[in-house]
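Here you go, one structure.
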Amino acid sequence: MKPPRFGKIPGVLVAGAGILLLLPLAGLDVFLLDVLTIGFLTAVYAGSWDIVGGLAGQISLGHALFFGTATYSCALLTSLLGWPFPLAAGAALLLSTAAGAAVGTLSAPLKGPFVALLTLALGEAAHEFFLGQTFFSPRGAYSWGGEGGIPVLLGIPWFSPWIAYYAALAFLLLCTWIMLRIARSETGLIWTALSGSELSARASGVDIRRHKRLAFVAAAALAGAAGVGFAACVGRATADDFSLELSFQAATFAAVGGRGTIVGPILAALLFYPLLQGTGIPPAGRVLLYALVLLFTLRFFPAGVAGTLRERARARRMAGRKGDGR
Amino acid sequence: MSDLLLADRITKSFGTNRVLRGVTIGIGRGEVVGLFGPNGSGKTTLANIITGLTRPDKGRILFEGKDVTGMSMDARFRAGIARTFQIPDPYPSLTVVESVRVALLCSEAGRKETEGKGPGFQENLDSLLVRTGLFAQRFWPAAKLSQGCLRRLEFARAISCRPKFILLDEVSSALSARDEAELVALMRSLHREEDISFLLISHNPLILEELCDRVVAIEDGRVFWEGKPGDLAKYVPTSHHAHGDEGGNHEGG
Amino acid sequence: MSGPLRFRFLAFVFAAISLACAPPASAEPPAPHPNLRIGILAPLSGPFASGGSSFLEAATLAVERANEGGGILGRRVELVVADSQGRVETAKSEAMRLISREKVFGIVGAYLSEETIGAIEAATAARRILVVPVAATAEITDGVRRDYPRYRYVFRVSYSIPQWAAMMAEFLRQKQARTYAFVGAGIRWNRELAGALKTALSVHNIVPVYEAFYSPRNPAFEPVAVAAAAAAPDFLVLGDPGKNSVVFVKRIREGGSKVPILSVGGSLGDARVAASLPLTGPLYVQAAAWKGTSEAATRYVAAFEKRFGYAPVGYSDTLPHDAMTVLLSAIRAAGRQDTDSVISALEKGAFPGVAGTYRFDAAHQAAWGPGSPDLHGTVIQWEKDGARIVFPRR
Amino acid sequence: MNPLAQVLVDGIFTGASYALMAAGLALILGVVKVVNLSHGAFFTLGAYVAYVLESRGLGNPLAAVLMAAVIAFAFGVFLCKSFINPVRSHPFSVAVGSLGFAILFEQAAQMLWGPHTLSIDLGAPVAVVDGVTLRRWGVISFLVSLGLLGGLSLLLSRPWGLPLKLIAEDEEIAGSVGMDVEKIRYLTFGAASSVAAIAGALLAPAATITPTMGRVPLILSLIVVIASGMEKVWNIFFLAVGLGLLSNVSAYLFAPHWSYVLLLAVICLLLVFRPKGLAAAGPARDY
């Protein structure tokens, strides 16, 4: 019997994807295509956070480390070493996955706030390192790296905002599918158990260190994939790709959408990123809106929107079944 | 020695507090051993060392003749050393069936037999639930279960690895008389049908007298008495006995 | 959630996205706008909002002046503001918004180097003029030199890092310094500035005796201040234009050192900030223009003070004004609102601004520096009763 | 003047300024049991209060401290009552929500006082001993953080601090013996917010005042509180001073731009070797 934990969400996602598929035909300009493209990549990034932070319960405050590793690898390999982009993208994915394995190995013996502290420290250290690290530029009297960043050479002359949009949409759908598969898999079940009670999980034969590491690896690979897409679309990797702000952004989307629901964080990013960046609200209004939405959503949906709705649905099911059992 | 499990000269200190000072305890195949001692005597620490939650300062743990001292708790579970906890800690967001499923997935025994959860896996899972009397509540969130059902869930989890040895930590504490009787029956049937060895930890002599083949009593981190359960009463200070006499005890510890 | 309810919820979510994103009912054919629309791209929120908002004020002043004079080519100039948020991808997409939705003729922006690089990509792809008023990295104008057809839309009004270094070197030479120490944030542009300054000063045999870059996030000011003072340089060059430079000056003066400090400008040019600093040692601040360097500058400072209530620092609140003025003058000189004509007007013409007269070289970089007839920047010294201009000497 | 002696003294002072912020954060973590990411916003609030008083010609540190404490207390109680207490069962959401409050405050500060860098008069050093300058803000941080943490540990060890200790250890029991747990939570949060604002008001002369100035102290105090193991009050002080010394001495002897990376690396190493932070007593490491 399938566990009823994640319900029948894909059908609905397909409907949503259909709308997004047709949206450009409704007369989107380049600006909105760009915002939505980045929005799709942000959604994958938020979802990847939820794999390790929600599903496996390892609060990561250094998630940008994996994202930045991927964008920086793409930039350095294409611009400095002259690799073709696809090859660099593959290497970037491997490197960010390796970063995930490293962070996972270090944080596996830790619990709760100590995981958050370790990942925060590693992410901050990486940000600080890359802010100060400049690379020789073969082109002129300036360097690459640091806050100004490094160009990413895509080398695809026919690349256009429309192609970027559809590629990012396809990427989002693929990654959402993968993430939901992970969440529903046996491994996903084990991660949920481990996030609920490490003691019980260990007494159930769960090798918790291996699984924590695995969760970091999976999340880092997905975040890295989002980073590769971001590098390709923006054409630049900067030290800010490692920033704490970016790490907090993922955690924020996850909290608002519903930690551990995968779909919640993805939808939250899909909804908020375009709302904040794509509607041309004046800056002060945008920041205030963001902060107030955050506060009010969490005040009334403490487990995030999807999380709280799921809790309520469960409570209702419980009430319906009160008859049987004790 | 033909012991299934042997804890050999176990020593453990926390800071300056010497909790165990060279405890040796063996459990034979199919034997039910009771571990008796007052609060703070080191029972739970010994249990944690036997099951791999805590590493001893000195001494070894042998299981089926192999040294498992360096093995982690989860590896020991997969090897056939299962345990229950004095205070169950259910997964807050999983249902009963999912909770048992996790244990079944992880135990190599369950894995090998069914090769990637064919129909045999589901049957196994269902039979575990039926056997522990949780089948009707299998879709309940584990966290919403009553104390009695939580103990059953602990049992279901423990036996899902087809263990050769189960450690039961204060199995009857905080339970009603009915729940306690049912759990005792479940334990007996497991012992009878599958020849599982048990180590029962309790500070209630009545339970131990009722169930055990042999009782070991520890105090101040040392074994201070070992013998037949029937003789336990003679060696137990009357205060303990009188206390345990109340039947459904409420000592959580 | 039950099935249909969930579907309705999601349908609502997506409808909301599409509604939020739909262009504001602009189905009619893009009629030429009656106004001349110019985009402003600057960080208006977050940690760089300080620079971004004075940027906006300066540009606003330029536009108001142009409109008081009857507009450009008979049309009112209208500013369209976008917030780059200090991020490369936001700068890029906001530049796209200015172009594709707001239909601006050209853009003045952005503030940080990374923002500017994002904006360059968007502007050149859409063939719109981008006038860069603040960002200093050489990479910005390098594109024009390397790939003129693609990057010819980019012009920089502000000084590049080598020009900046040359202006400061000239001042240090006039002050007859023999040694100097460089202190800045451990970021790319400070490192580039330190390198350029070393090159420029080595010609005059002025050598660095100490060089340190403090951590950008959690700077260890005190040990750097102690070490810099202990190295006993003739001058201490402070490469950080931001808030950290203020703290550093406090640390070094607190420690009792009276070493002359030359700051690259920015926060230390703010009279309100300077008033709180101990003046136990000379404090020099480099700026593009200052009240008194020229008549235009004096007029500008007076107008700025009247409009916004504080005196400009002569850098991020002055150069954007000149960038806007240069762009508008070029449009006027071209005689029509046509990108190619305006580019050639910019390339050929000379455009007076507050800091001097701007002429662009082959890389579209305004010719700043000691060799320039009047675009040579200024250095002021803070004194008890305000700033005194010490460079250029008159 | 001996530069190294000066660097050592400055290191201790820098560390004390971390501890000053960490004290309040630790109090909230202990009693309200949430990670409060709006702590930096209260620091900023205190600094702006000091600025406003100074710019009105009322530049009196005591007045600034009092006013900052009162305003921050009110804000803190309001925040705890309206948001943090109701959401408490979801600690992660509290952390993210309090970050939202910090962003809200930053924007409000930018609208109220402008985005520009502000600065107030530094004040002369307290003394120069043997060529070593005792910086005013440093002496203040050192004494106040020592006083605060000392007061806190005294509070937890004395009868009249029992309610706090009890709540920190077991809320159910505290509630069952008739304590108004919620009220104590509000008061604690308000008091801790006051402490952050006091830190801001005291350190304002040494810093530059901007709407986002609270971000770095927040991260640093978070690092100190968690890495200290969140158990013993004095660990916070020793760790903070240790980190201050580390970053200052390493910046002086090696390269200043690596000082923060080195500090973070030490934190990572600490966690690798002591998975439960500095406090972990005995070999509590499981396997």
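Some points to look at:
We just call them A, B, C and D in the order they show up, numbering each chain from 1.
The rule is simple: a contact is a pair of C-beta atoms (placed from the backbone, for glycine too) under 8 Å apart; a residue touches a chain by one contact, two chains touch by 3 or more.
All of these numbers come straight from a predicted model, not from anything done at the bench.
Set against the C-alpha centre of subunit A, every other chain centre is closer than that of B. A summary of chain positions shows that the Cα centroid lying nearest the centre of all protein Cα atoms is that of chain A. Mean C-alpha positions place subunit A and subunit B at a centre distance of 42 Å.
With centres taken as mean Cα positions, subunit C sits 71 Å from subunit B. The geometric centre of subunit B is 46 Å away from that of subunit D, both derived from CA atoms.
With each centre defined as the average position of its C-alpha atoms, the distance from subunit C to subunit D rounds to 35 Å. The set of subunit D residues that touch two or more partner chains comprises 107, 110, 257-258, 260-261. Among all residues of subunit A, those that touch two or more other chains are 124, 128, 132, 284, 287. Residues of subunit C in contact with two or more other chains: 45, 49, 186, 213, 215-217.
On subunit C, the positions that touch subunit D within their shared complex are 45-47, 49-50, 52-54, 186, 212-220, 222-224, 226-227, 230, 242-244, 246-247, 250-251, 253-256, 267, 270, 272-273, 276-278, 310. Subunit A makes touch with subunit B in their complex at residues 1, 3-5, 186, 189-190, 192-193, 195-197, 199-208, 260, 314, 317-318, 321, 324-326.
Contacts from subunit D toward subunit A in the complex involve residues 35, 82-83, 86-87, 89-90, 92-97, 99-101, 103-104, 106-107, 110-111, 219, 222-223, 226-227, 230, 257-258, 260-261, 264-265, 267-268, 271-272, 275-277, 285.
For subunit A in complex with subunit C, the residues that touch the partner chain are 7-9, 12-13, 15-16, 19-20, 23, 26-32, 34-36, 38, 124, 127-128, 131-132, 134, 137, 139-149, 230, 233-236, 238, 240, 267, 270-271, 274-275, 277-280, 282-284, 286-287, 309-310, 313. Within the complex formed with subunit D, the subunit A residues making contact are 59, 106, 109-111, 113-114, 116-118, 120-122, 124-125, 128-129, 132, 244, 248, 251-252, 255-256, 259, 284, 287-288, 290-292, 294-295, 298-299, 302-304.
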